[in-house]
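By written order: A, B, C and D. Residues from 1 in each chain.
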Amino acid sequence: MNRLQIPDVRGSLSRSWERLPRWGRFAVYVLLLVGAVLLPADSIGRIMAPESDWKSILFFPIGVYVLLAVGLNIVVGEAGLLDLGYVAFFAIGGYAMALLGTEQGWSFWVILPTAIAMAAVAGVILGAPTLRLRGDYLAIVTLGFGEIIRITANNSNWMGGPRGIAGIPHPPNVGHVSQLQYGVIDPKPYYYLVLALLVIVIVVVQRLKHSRVGRAWMAIREDEDAAELMGVPTFKFKLWAFAIGASIGGAGGVMFASKVIAITPSNFPFILSVLILAAVVMGGSGNIAGVILGAFLVAWLPERFRGFADYRVLVFGGALVVLMIFRPQGLLPSRQRAEEMTEGQGGMGSMGAETAAET
Amino acid sequence: MLLELDDVRVHYGKVEALKGVSLTVEEGEIVSLIGANGAGKSTTLKTISGLRKVSSGHVRFAGEDIGHMPGHRRVERGICQAPEGRGIFPGMSVVENLEMGAYARRGSVRGDTEDDFDRVFQLFPALADRKSQTGGTLSGGEQQMLAIGRALMARPRLLLLDEPSMGLAPKLVSQIFEIITEINGQGTTILVVEQNAAQALARAHRAYVLETGRIVKSAPARSLLEDDDVRAAYLGGRIGT
Amino acid sequence: MLKLINFAHSEIFMIGTFAALFTMHGLGIDHAIGGFALVGALLLCALAAAAASGGAAVVLERVAYRPLRKRGASRLAALISAIGASFFLQEVFALRYGRDTLSFPRILSKTVLFHIGDGAVRTDKVLVVVAALVMMFVLDRFVAATRLGRGIRATAQDPETAVLMGVNIDRVVMLTFLLGGIMAGGGALMYGVLLEQTRFDVGFVLGIKAFTAAVLGGIGNLRGALVGGFALGLIEAYGSSVWGTQWKDVIAFVVLVVVLMFRPTGILGEALERARA
Amino acid sequence: MAGVLVDPYCLAVIEARRSARMNGTRLRVVAVAAVMATVVAACGGGSSKSSSSGSSGSAIKIGFFGALTGSNSPQLGINIRNGEKLAMDQYNKTAKTKVTLVPYDSQGDPAQAPQLAQKAISDKVVAVIGPAFSGESKAADPIFEQGQIPNLSASATNAKLQLNGWKYFHRLLANDDKQGPADADYISKKLAAKKVAVIDDASEYGKGLGDVVRSKLGSAVTVNDSVDPKAAAGNYSSTVNKVNAGKVDAVFYGGYYQDAGPLLKQLRDGQFKGAFVSGDGSLDQKLIDEAGTTAAEGAYITCACLLAGASSDPAAQQFTKDYKASSGADPGTYSAEAYDGTNAVLKAIAAGNTTAQTINQFLTTVDFKGITKEIKFDPQGEVQGGAIYMYQVKDGKLALLGDVNTLI
């Protein structure tokens, strides 16, 4: 019975959302956007990050994590593929920015689409031989891919080895508006840049979700065999999910590298893949608002509790367990997902039969 | 009364799958439960076996309320099910699958189960030839035999059969039902769920008709065979043997 | 075995190494010993490590897995829960015992018995290989031939039908974790004897390696895990001698991808080709 | 609550928790509980902390930048912070304008460095001791440069940092371009090794140092290996096999003591009899604990730093005593450098310079005798005359052999 109570409250929220007229929803979007634009204010920062620089962490980790989580959500939340090596695409974007920026002298705006394409190609290269695998097999292969990229960067002199690459150019300034002057000191322009990209990505992803592609992903997630039998070219759509997710990761990497100037392979550890995955799942995989919330919390909480330094990871680990116990479907689950859960068969297969409990 | 369901309700999430099912099975009977796809037949069996939680109502077995008892303890009480789709363990050999049937009888050692093996191999000689073959490599008919044989290994007082004829050739179907009658003759009470209503009604003593989570008819099986509604809905107007 | 990546298994292993270390300290061992004293001490350490790891595994199952199982949560949720538990356990040990490597005392003198080519065959290595093979054999027999072993396999192959056969799933899952924990504890002692060190994050990489080996051999297949482990070890040794140690993981993963391309369920295949339709 | 600064966020949280309880909806309590537990607990910790640093608003702030938590925190953080703190405590005893220490715990993670550097700027610290790691220096120093905050590293020895034309960058010890050749010279000249194995930990620091040694030794290097200690999980058997197969006279290891210890132990277990030489990352008593006294005996370790406890200089011995009284432990690697660096800043403040710019100006001309060396910076920010010291493990302790140049 308890189980029913939880989706109910959430359900009433989403019902009132559905009742909102078109202009009402639009107004909410505009309000959210205005809120996001005003977010770097110092007064907010004093509350949100008293022991760190709020404007900086709004770009990284918060902005970048949110972007990565939205990208990974396509792979995990929409297509139901477990990817434990998502950081690889982030790294590819970062290194593309670093190498093309320092050695070829390309501009940020040229590198961004190039890197997105490169990451997408990498997604296809990883996906093509491996996407026929399922579950744990796919997980370990993706994990391996992430490690391969990092180790290769660490051991290849042309990628700077463990020293990485320094002197990465910033994006060129736009006009004389202070929000668009990309330098070392002011993090705000980078935050607005990542915000703009995020808005574009979200619009595109939501459109995609409600298109034929999105329905195909849903079918794959729910029952791959059945989808295949119904004539959904599952392999093609899985590859699409991988490529689109990868390209968003790549874009995140470009942003990150152009802000921090110097990157090393240690910027792209396995644990980052895990954190982003945790963000997606704890937020509510498949629901973009949930994913954003999850990524925000994963990025923000450790910064908020700097004073707590030694216990941060401990508490984070404990909180993940508690959260998964009480809200296995995430903080803001997607509606379809919630229904899959109550049926006891999540997209990745449930943990076992629902058996009558000894209560 | 061996088994009694009293106004049992079961939910899947928000959907009510059983809307107050009441039925009884007497010692020594074959009772069959017929109905269309999605009527709640399998859910009823799963509820009796403890795979589904009862939202309200009672399940009584041999006078004891077992509605909230975990599934594995119900097996110890003597309820054993051959599930829909047979549920053969594909990685285990025929013998190992049969041994799984005797799992609930804790003290069971080889000597003790010897008789049970003999009984199963007598009923299903085909299995005796395939003792060491893994379950996944058997044919559909053999798997069904194995599923029933495995359930018998538990020496059940009540045997639950979920669609024993599903996916089998007509000749095999009659064979299976003959064996079911034989098992019943040896003293095991049977509750069988079937879409092949003709066979089920022909072999059963009594029958219930389930429609969208409710019992809509209950009568001696023979009389249902003559029932016009039932014939129209489940027998396609044609009476089997 | 139960079809989930137990990310926290590395920490179960880590707890075993600490238990073995503390037992050695408790016994006051500070130099290599021999004869019956050695056998006794090793058995005590094995017992302590197995108890600690086994106990931790059972607690983990109760706290981080069972509630999710009861709620019919997705495997993804279980994965995150395990990752959370893994972070938590690592940090508990990091905060309590520091982040530096802790050394084991030398309990067994490392005498070279003979050489094969350039490789020296040493007492500790022989002991570990023998002990590992014995453990594998016992586990293999246990799962194949005992009632509980059958219950475990049945649950892995088809949990719902297992219940219909009278298997108490909660108990079987718990005992599976216990068994896994005991094996991890045994492995932890071997690691301690062989490499004489531990650290709060010692399990992490080993966990990933173990998982890789299991996938390489075929999940849920004990012999597959053994084959996978050997194959992984050989690949890594070969890779590091030819291309340098820094590339061995890359080589191992590339081989893994190639193997999975041709055999999507590992070298020996999944023991249980579960009908999915 | 009196005396404890409760920040508004915490109040909001307490309020939210109260209203959740009143509404009584199970959902809210459950959903928020996990986060709440964190928040409430952390508010306690966080607010008491902010009260201590907030109360001394009038004092001049000097930052610390390095790893106070995380895996390298003992060596590249706590040692340095304690040295810095000692200098400031001594100064505060007599000075009119007090100084306070503001820690920025980077955990050695370059990804966290930019926001912390930014925070240091908005906190208006006048100088920073750190960043401790070379990696985080590359991410943080450009921000300090733009923010015009003098930063003095007691430990980052990457040989490229000084080449960026930074005006606010300083470091208190010689860089790897000096340490590496010193190691190589010692191995080839003093130890007369004909065949050398050079192993590194594939980290920015370890590989950097290893590569300098490799290029200096040239063809004498017959075995190379690069092992990420995380990936090795403590097992160096393939490296040991390579070393033995190469029949080398000496092994040089570029990496940190946590990994050098097990490697050294396994090398000795594997019957390697030659010399073991390593760099500053291995300079820690724990190296001996981890390798075991027998295996560690005779190992050589270079460092551009002066381990005060191993020095017979009276000033260093006095420092060792004070340090021990102040932090309850022996001074570790880089403690004395941090102490000297802090004193350089304090001398500027004592001379009336209270802004970051004037302190930086003062640092260009500072010249005094520190514990470790004459403190005087060249235009690139490098301390002048930084020597490379050679240490050796003797009877389970780190003993100072002396300046490498004088030993050869």
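Note that a residue touches a chain if its C-beta (ideal position, glycine included) is under 8 Å from a C-beta of that chain, and two chains touch if they have at least 3 such contacts.
Just so we're clear, the structure is a prediction, and the values are computed from it rather than from any experiment.
Undergrad: Trace the shortest sequence of touching chains from chain B to chain C and report its length in steps.
TA: 1
Undergrad: With chain centres set to the mean of the C-alpha atoms, which chain is at the far end from chain B?
TA: Comparing chain centres, D lies farthest from chain B.
Undergrad: Give the chain pair, either C-D or A-C, that is connected by more C-beta contacts.
TA: A-C
Undergrad: For chain A and chain B, let me know how many angstrom lie between their CA-based centres, rounded off.
TA: 48
Undergrad: Calculate how many whole Å lie between the centre of chain A and the centre of chain C, each centre taken as the average of the chain's C-alpha atoms.
TA: 32
Undergrad: In whole angstrom, what separates the CA-based centres of chain B and chain D?
TA: A distance of 72 Å separates the two centres.
Undergrad: State, to the nearest whole Å, the distance from the C-alpha centre of chain C to the C-alpha centre of chain D.
TA: Once rounded, the distance between the two centres reads 35 Å.
Undergrad: What are the residue numbers in chain B that touch two or more other chains?
TA: 50-51, 70-71
Undergrad: Got the chain A residues that touch at least 2 other chains?
TA: 151, 154-155, 310-311, 316, 318-319, 323, 342-343, 353-355, 357-358
Undergrad: Name the residues of chain D that each touch 2 or more other chains.
TA: 202, 226, 228, 231
Undergrad: In the complex, go through chain C and note every residue touching chain A.
TA: 2-5, 63-65, 67-81, 83-92, 95, 155, 159-160, 163, 169-170, 173, 208, 211-212, 215, 219, 244, 246-247, 249-250, 252-254, 256-257, 260-261, 264-266, 276-277
Undergrad: Hey, which residues of chain C end up touching chain B in the complex?
TA: Interface residues on chain C, with respect to chain B: 147, 150-151, 153-154, 157-158, 160-170, 271-275.
Undergrad: Tell me, which parts of chain A touch chain C in their complex?
TA: Residues of chain A touching chain C: 3, 76, 82, 129-130, 132-137, 139-141, 143-145, 147-148, 151-152, 154-155, 225, 274, 277-278, 281-282, 285, 310-311, 313-314, 316-321, 323-325, 328-329, 340-355, 357-358.
Undergrad: Per the contact definition, I'd like the list of chain D residues that touch chain C in the complex.
TA: 70-71, 73-74, 202, 224-228, 230-235, 238-239, 241-242, 244-245, 258, 261-262, 265-266, 269-271, 286, 289-290, 292
Undergrad: Residues of chain D touching chain A in their complex?
TA: 7-9, 25-27, 30-31, 33-35, 37-38, 41-42, 45-46, 49-50, 68-69, 105, 107, 109-111, 114-116, 118-119, 121-122, 135, 138-139, 142-143, 145-147, 158, 160, 202-204, 206-208, 226, 228, 231
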